[in-house]
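In order of appearance the chains are A, B, C and D, and numbering begins at 1 in each one.
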Amino acid sequence: MKKVRYTSIDGRGGFYALLGVLGLFILAGLGAAYYMEHNGHWVTGMDNQTVWGLPHVFAVFLIVAASGALNVASIGTVFGKAPYKPLARLSAVLAVALLVGGLVVLLLDLGRPDRLIVAMTYYNFKSIFAWNIILYTGFMGFVAIYLWTMMDRTVRKYYKLAGFTAFIWRLILTTGTGSIFGFLVGRQGYDAAIMAPMFVVMSFSFGLAIFLLVLMAAYDWTGRPLGEALLMRLKNLLGVFVAGALYFVIVFHLTNLYATEHHDWEKFILMGESVHTKVFWLGQVLLGSLVPLGILYSKAGRSRAWIAVASALVILGGFATMWVTIIGGQSFPLVLFPGMEVVSSGYFDDVAYHTYSPSFPELVLGLGGVAVALIAVVVAVKVLNLLPSSLADADVDPHHKG
Amino acid sequence: MKKVRYTSIDGRGGFYALLGVLGLFILAGLGAAYYMEHNGHWVTGMDNQTVWGLPHVFAVFLIVAASGALNVASIGTVFGKAPYKPLARLSAVLAVALLVGGLVVLLLDLGRPDRLIVAMTYYNFKSIFAWNIILYTGFMGFVAIYLWTMMDRTVRKYYKLAGFTAFIWRLILTTGTGSIFGFLVGRQGYDAAIMAPMFVVMSFSFGLAIFLLVLMAAYDWTGRPLGEALLMRLKNLLGVFVAGALYFVIVFHLTNLYATEHHDWEKFILMGESVHTKVFWLGQVLLGSLVPLGILYSKAGRSRAWIAVASALVILGGFATMWVTIIGGQSFPLVLFPGMEVVSSGYFDDVAYHTYSPSFPELVLGLGGVAVALIAVVVAVKVLNLLPSSLADADVDPHHKG
Amino acid sequence: MSDPKKETMDQGRRRFLGAGAAAAATIAPGVTLMQVASAKPDDQPVSDKNRWGLLIDTTKCASGCDACVQACNEEFNLQPQHGPRTDPHWIRKVEVRDTATGRTFSLPMMCQHCENPPCADVCPTGASFRRDDGIVLVDRHICIGCRYCMMACPYKARSFVHEEIPEEDKNVNAPRGKGCVEACTLCVHRVDKGRQPACVEACNGDGHKAMIFGDLKDPGSEISRELKKYPSTQIRADLRLNPGVFYKGI
Amino acid sequence: MSDPKKETMDQGRRRFLGAGAAAAATIAPGVTLMQVASAKPDDQPVSDKNRWGLLIDTTKCASGCDACVQACNEEFNLQPQHGPRTDPHWIRKVEVRDTATGRTFSLPMMCQHCENPPCADVCPTGASFRRDDGIVLVDRHICIGCRYCMMACPYKARSFVHEEIPEEDKNVNAPRGKGCVEACTLCVHRVDKGRQPACVEACNGDGHKAMIFGDLKDPGSEISRELKKYPSTQIRADLRLNPGVFYKGI
């Protein structure tokens, strides 16, 4: 294996145009947040039945994908796979960028974002949410250190340790994110220990899909070589992760289907009239899982364009998954009286399901978070030596037969 | 890579002595089964509170380990890792042998083992148990075909397909085994979707530990070379699997600890006075997980003797896990009246927990099942060309630097 | 392959008596005419037009009284053999204390004859099944004794026959056999003759009158009218199994 | 870092009246002496010697009557603004039908003041908390409006303040503010003065007398004696949250 040379990208016109577009999205997102905060959340699609709306779909997706984006680095460092090592810097930066994007959305969607300092100083240690604040902060710190050990020869001896710590931390972090939902005892769609490992596997899938798209875009746009064998490795890995996530989804629903107490909930999600049923089957299962699997494991999987399509579909499926999990989970009314029906209620206990239509500002805020993540990556590859000048197969894999 | 040459082992005196000892265990097991069937189950430690006893602990452990033992073959075939390919034949044979051993115990512990034909002809397709009968039968069939494609050049073209089918089938099989418990809605210790993937990861761990011991014993006793690098790969993989299983155990208990409704159950398992608390902490967590992890990832992990110790501990931990899951799960009384206490009962509803002391015949039956599995492997390596004449690193790994 | 459920139902059907409601009334003292009227006429097949159920009033069920348990043991000749841990228990008395309020009450527990019985869901051979009229039974001829139903039942309502049943203890009211699982049959042999279950009869005969048997699908039956009028509870209602046994005063 | 819980409790303590039980009796018509006697004497600090709770008799709660809801809205000046989906609802009326028995009943739902409140478990800052005397509150000064408590509450008892509260609607009985979560306080401002919650007062004043307020830890209080004597239910008892609100006749 030749020594890998990392260089920053050239800042041509396209680069600044990209910065500009992303900047506009960020500005729009800030404006949307201000609008919602100023008026109060009644101007959004949210209400007292659906208290977490589209911004949470974006935020949780980005946070889950963040820890998954670090996997490429972890496979190199923790599991010692040489071909992944040159990708580690981009992987680490992308992970932090996605996390920041998600957290910005989460913060700006709070009822009182001005009380960030309260959230940082008052801790209820029984709250998995409070733990997550620590986990997010720690993730950024540990990944930054990890990146430092990759880039600075003087601290190279801590590289393994930093990589291992970041890997363990990211597993705990996504376990914490999944547990936000898994720990909710009162709702039919949550309250399941499987949510934590399911989110971990989903993070593998979403994070790698984003990484693949960013990697292909960066190498295509900067005209750097990107090896076929490396790409095949990554797309095969994506297939395994997508199948793994689908496995957890199947187990989750099958187990619910076995328990009579969950039949109403499953009927609502799997066979209901609400939009969530369509999003589940078309978005999460078909477009988000089966079609990408078909692409990745067929001959189409050898084409870069099709790998990009599969990655984009996995990301789409990720949003669908978060939609069904977060919005769908809230749409199903609380079961106050098992075995009985609420005939009438002063507060929507008697509906088949709660509806939620996202408002435009919520969408803009969510997209703003995506833009924050992307702009961070774009700036980072410009100012830091993150990308290997070449990812041609002969340059990354000691065993590659040219 | 040189071409791998598979040869059967020589049948010296030690071979027949081993056969004899295992045969005695099998005879004793059959005798124990006859004794229990003839007298009725009241002569065992089981009762109407603990209806699945030590035989189930053995049976479920063997069945779970069976599918895990196939993993070594799957890694070679499905994930294309060359160094694992020479191990595939032994892996497949061990998988079938363990399954047969487990099924024998399960069958002989039935109330009416004479009705095996009923179990094979009457199916309730809503029963995960009925599904498992199909899954077990199919597993043996698919693995046999898989083995055939490995050993017969004329059907070599179906090797990939057979390996992939067997891999998917084994995942479904262990999902089914875990779901036997996960689907039990009425008991505090079960009723959780996470049981299925937890059993899958545990199967990786138990199966590989048994494989490692069998491999090392076979190559040591027959004086064949077994490469250091190969062994390091396998022991590192074992470490990952043990850590993975521990992760699921932690998530399972943490989620329960968050839900007030599960506090009594968690208190019983984690801090109770029953034997299950000791078996959990000492057997499952300490000896079965932490100590092996310590061995495998420390300098001791480079020694064959210590790898053997770690593998043996993982197996011990596996039995502890099955004990806590199966016996512990039944020990905790059913919650008939949430929030109320049963003051007195005509049928043990008022106890803190149900006790169970295995009888000697139950132990003998369980060991008989282990002997069935082992004798099948021993005979197979004698009559079939299963073991490569050399597993020296240079012979198995194309990239190995001598 | 013959359908085991059908067989068992046919057996039940074949075993009816020529005499109808009047005969039942004389056999079962303390049974009101209303209750008898709600039982299945003998010449009708088992159908989902009925759902047999029980309503148990815990405020009338006397602590310490086990007349229902005695009657059940007698009806099916359930004899103690090697100790309570393995002896059959088709019905048992339970005393409960509400820890939040300090209130205590007493009740009999038995098979709750769920509409969605987990025992039948998990049974690999279909030996555990639910008759069209809601009675949950074990077909002892195809039970392989795997005991998965006992793992699945949330009420510990089932017993495994741990030992040989002496010839003299064998009973025509329900076939029983070593190595199989058994449970309360809601006295299906009586119900099919238009009679009350033995436990209900005993509770009435005893003067407590804490148990009402009847057809949950007949709006005019005493049990339906009581259920509609007064609050009642199904045990572990959160599992949504919709048991056919209801309790008042829990 | 000061302890927010302590602060709120101190505020509660400071707000007591000089007059005791007698004052409460005149303020709250229809309240019996027994009930007043069970309320906290004004000069005692909040302690875990009391646990305040409610007993709601659904057989007395009239379908269609929403006196309790009206009283609550008035007490806290909860004004409708942009529609029911986002308006605050601290208490609501619910009509329920038991699908198994056909029985119907009516009841008010509000914060159930759990002993193990999931809202407080999940709250990242500790803004949601349970006072020593069992009342579950939101400290609006450290609530960041994350709404995780609303995800966690099994009773949908909480409201998010979706809009600015007009100056003229602001109320001394509980501080409220845009972007924070709020819920039934069990009228802690009244309880701390030895009075009854507004909903209870209204229900009694209305003549239905379906609600009893009192100290669950005082065995002599009316609520404790009723609970010990008659069957009652906690909603979603299976979650083991041990709510302080009990219902009769569910």
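What we mean here is this: a contact is a pair of C-beta atoms (placed from the backbone, for glycine too) under 8 Å apart; a residue touches a chain by one contact, two chains touch by 3 or more.
The shown structure was predicted, so the numbers you read here are calculated from the model rather than taken from an experiment.
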item	value
Pieces of the assembly after leaving out chain A, positions unchanged	one piece
Pair joined by the larger number of C-beta contacts - A-D, A-C	A-D
Reference chain C; chain at largest CA-centroid distance	A
Chain C and chain D: spacing of chain centres that average the CA atoms, whole Å	43
Inter-centroid spacing, chain D versus chain A (mean Cα positions, whole Å)	40
Mean-CA-position distance for chain C and chain A (Å)	53
Rounded Å distance between chain A and chain B, as computed from the means of their C-alpha atoms	35
Residues of chain A engaged with two or more neighbouring chains	128, 183, 185, 258-261, 338-339
Residues of chain C touching at least two other chains	98, 100, 118, 121, 234, 236, 238-239, 242, 250
Overall pattern in which the protein chains touch one another (line/ring/star/complete/other)	complete
Of all residues in chain A, those that touch chain B in their complex	128, 171, 175, 179, 182-183, 185, 191-194, 196-197, 247-248, 251-252, 254-256, 258-261, 398-399
Partner chain A, residues of chain D touching it in the complex	1, 4, 66, 69, 81-82, 84-89, 92-100, 104, 109, 118, 120-127, 142-148, 150-156, 158-164, 178-181, 235-236, 238-239, 250
Chain C partner contacts - residues on chain D that touch it in the complex	58-59, 98, 100-103, 105, 216, 219, 224, 227-234, 236, 238, 242, 246, 248-250
Footprint of chain C on chain B - complex, ascending	37, 39-42, 46-49, 51-52, 110-113, 115-116, 118-119, 121-124, 126-130, 133, 180, 183-187, 330, 334-350
Parts of chain C lying in touch with chain A, wherever the complex brings them together	116, 118, 121, 234, 237-242
